[in-house]
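The next part holds the structures, each set out as structure tokens.
You will see two complexes here that share chain A, one where it goes with chain B and one where it goes with chain C.
For the complex of A and B:
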């Protein structure tokens, strides 16, 4: 799929801060977040069940996307559809794949540069020996592509990853066979996303031009010849928010059902996913040559850094995030009139009985920490030691309270971050 | 000029240096192209993108910052050396105008 064809189905809703491929919402996340997210699902559910949930979520999310793409491109034959699916997956930064399948769906997917496998090997490969493969997203994508290419019912194909770059194999290889898989679940579409009217917060005049500049940049970003996007000093994917949401909420619901006493630990982990996202994705964007070229050198100014982070959130498709109140060193209020978590929750499960926007809450805290505790002008190294010094142990120094949550039926989501020490 | 490793979790993939103050980026880029670099499509105003021997070189026009992003297929033990080769070429292009 050439960049022009992708551009033709890609839209960004400025009012809501959301991005879409056709009807399918997507966001940008970097490899740090993607790896942490999937690891957290497995930590909560165990490796086997985690992989099952992740594969099914990816299948459902990509099935919706591919269905729209095949319709838009009028791709009819299995070969056309497989070709289009592979091109789109690579353009999104997930890696180049080769899909081979019989008309009954049995076959295999291979890739030498899959985002998850390759990035896991880059990040942890020299320090950690891994025993479980990591490419459930590719497995789910491949299942969706084959189901739609051969017009099969969803829920009848199983995937087993036999080789994985993360296991030090030379490539990733996923075997597909007939079997009983989880039934398809509902995913969110553009037309079914609820949101409140956009509001203005602080620093809007500063934020908006940056959003437009980043959107222009991201509009031209597509996978290279290996299907990878290397930008902002990280590997980036355009990824389906239906995948992130389905995995988090399925994992949390299952944990609450089976082990309610430790459900709080699950919430904490998913809030930490928000810290990881802001520290790595947002932090690396701020420190990148792309950012410097667009905005200029970074000041050590908590208000400016927070304004920058809001611009990043909106342009990455996280929703319309704003800060209505800010007291340097004391308090930050993050409000979203739209975020990518709440609409999914309400659409699939109905109104929540407790706060559910975990990543947004974690991100709010990370906004305060990055604004106040990082000397950006010194161009710090965003490594694990620095992360630990900011977010782990007793030294965090900031706390959050979710006062409103759209998943709970409120008009907006609002998180108050307060200095504690 | 000095080569600095950008420390993050990617193993020795990202490096950077700065062009000397006053070095015109347009001319410098042209010279780099004449020495075998390929100009990549612009993604951001004020950011020049080049590729040399598979590695990406980005130049921030307003500051002269040069980011070197090594090809991810460069084997780990060879990455430092690969970065030094790119850096040496950058120094060469800066100091010796003309092909």
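For the complex of A and C:
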């Protein structure tokens, strides 16, 4: 798929801070977040069921995206559609794939640089051995591509990853066969995403030009010859928020049903995913040469750093995030008139009986920590030791309270972050 | 062991760069000495040395070649590392300059270990509950250490408060922790 064709279906809604491919919402997340997210799904559901849920969620999310792409590009034949799907997947930073399938859907997907497998090996391969493959997103994507290419009903193809880079195999290989797969589930579309009117918070005059500059930069970001996006010192993906949401909420619902006593542990893990995201993705964007050329050197100023983080959130498609109140060293209020979590929840499950915007809540806390505890002018290395020193254990020093949540039916989501010690 | 004791034990060994005393079987740092400034994480080094000696001991036992006075010698690019199980409770890891003659290194080691042994406490090893040791093991080696306890919690159905007091858990719960630990760490078995 040529860059112009991708640009033609890619839009950003400035009012809502959301990004779309056609009707499909997407966000940027780095490999640190992606691996942490998937690991948490498997921790909650177990490896077998986790892979099943992740594959089905990816299938449903990519099916919608590919349907829009095929329509926009008027791709009719199986060969056209498979080629287009592979190109788009690589452009999004998920890695180059080779999809081979019979008209009845049986076949295989291979890739030597898949985002999940490669990044898992890079990040964890020297520390631990893995027993299970990691590329459920590619499996779900491949199923969706084949279903649509050969006009098959969804829910009739199964995927088994036979080889995986994370298992120290030379490449990833996913075998597809006919079988009873989870039934397709409805996903969120641009036209079905509820949101409140955008509001203005602090530092808006500073934020808006940065958002536009970042959007311009992100518009040119696409997979390299490996189909990977290596930028800001991380591997980045343009990923489908329907995937993240479907997997998080399925895992949390199941945990609440089967082990309610430890539902709090699940919530904490998904909030921690928000810390991981902000620390690695936002932090590395702030420290990048591209940022410096766009905005200038980083000051050691909590207000400026928080304004910068709001600009990053909006441009990455996280929603319209604003800070209406800020007291340096004491209190930060993060409000979202739109975020990518709540609309999905409401759409699929109805009004929640408890807060559900886990990643947003974790990100709010990370905003406070990064604003107050990092000396940005020293250009720190954002490694595991530094992460642990900021976020691990009692040294955290900040706490969150979700006072409003759009998933619970409130007009906005609002998280108050308070200094504790 | 007081700092001065370890400092005294290494007096006159110019080729020595650092020495680590690791308490077994939990591979925890007991004491360390380093020459000059260093950004080494001494706790990590001590625990890896302990693990290495334990693996080596088990391997040699499997070969029928183990003896209590074994030395593990590692020649890296710029250092010579010698690990020695100095008694059943302690491992001594010594790091020498790479060009130190092996004969001199052994001589220095013999003298240093004699001095250190005199000062080491005569301890009755406390057999801490298996659950506690498993939780500590995961905390130390999990790939995302900040999330390790939460991961065990959702995998086992045990709350973080229960895991913090793992000495009170029943055998069935400890089996669950071990299964979770194996998954998280990618190990077929855990020999604690």
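Quick note on the criterion: the second predicted complex is superposed on the first by the 421 of 421 C-alpha atoms of A that agree within 3 Å, B and C clash if a C-alpha of one lies under 4 Å from a C-alpha of the other, contacts with A are read in each partner's own complex, and residues count from 1 in each chain.
We adopt the following convention: contacts are C-beta pairs under 8 Å (C-beta built on N, C-alpha and C of every residue); 3 or more make two chains touch, one makes a residue touch a chain.
All values reported here derive from a predicted model rather than from experimental measurement.
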*Touch check for A:391: first (chain B), second (chain C), both, or neither?*
second
*Examine A:268 and indicate which partner it touches, taking first as chain B and second as chain C; both and neither are also allowed.*
second
*Where does A:228 make contact in the superposed view: on chain B (first), on chain C (second), on both, or on neither?*
first
*For A:315, select first, second, both or neither according to whether it touches chain B, chain C, the two together, or no partner.*
neither
*Between chain B (first) and chain C (second), which, if any, makes contact with A:338: first, second, both or neither?*
neither
_Which of chain B and chain C A:381 touches, first, second, both or neither_ = first
*State whether A:294 touches chain B only (first), chain C only (second), both chains, or neither.*
first
*asked:* Contact-wise, after the overlay, does A:43 reach chain B, chain C, both or neither (first, second, both, neither)?
replied: second
*For chain A, which residues lie in the overlap of the chain B contacts and the chain C contacts?*
123, 384
*Sort out for me which residues of chain B touch chain A in the complex.*
6-11, 13-14, 16, 41, 43-47, 56, 58-63, 65, 67, 69, 72-73, 76
_Which residues of chain C touch chain A once you look at their complex with the stated criterion?_
141, 143-147, 150-151, 153-155, 157-160, 183-187
_In the complex, chain A residues that touch chain C_ = 36, 39-40, 43-44, 46-47, 123-124, 127-131, 255, 258-259, 261-262, 264-266, 268-269, 272, 384, 387-388, 391-392
_Touch list for chain A against partner chain B, complex_ = 32, 113, 118, 122-123, 126, 213, 216-217, 220-221, 226, 228, 230, 233-235, 284, 288-290, 292-294, 296-297, 381-384
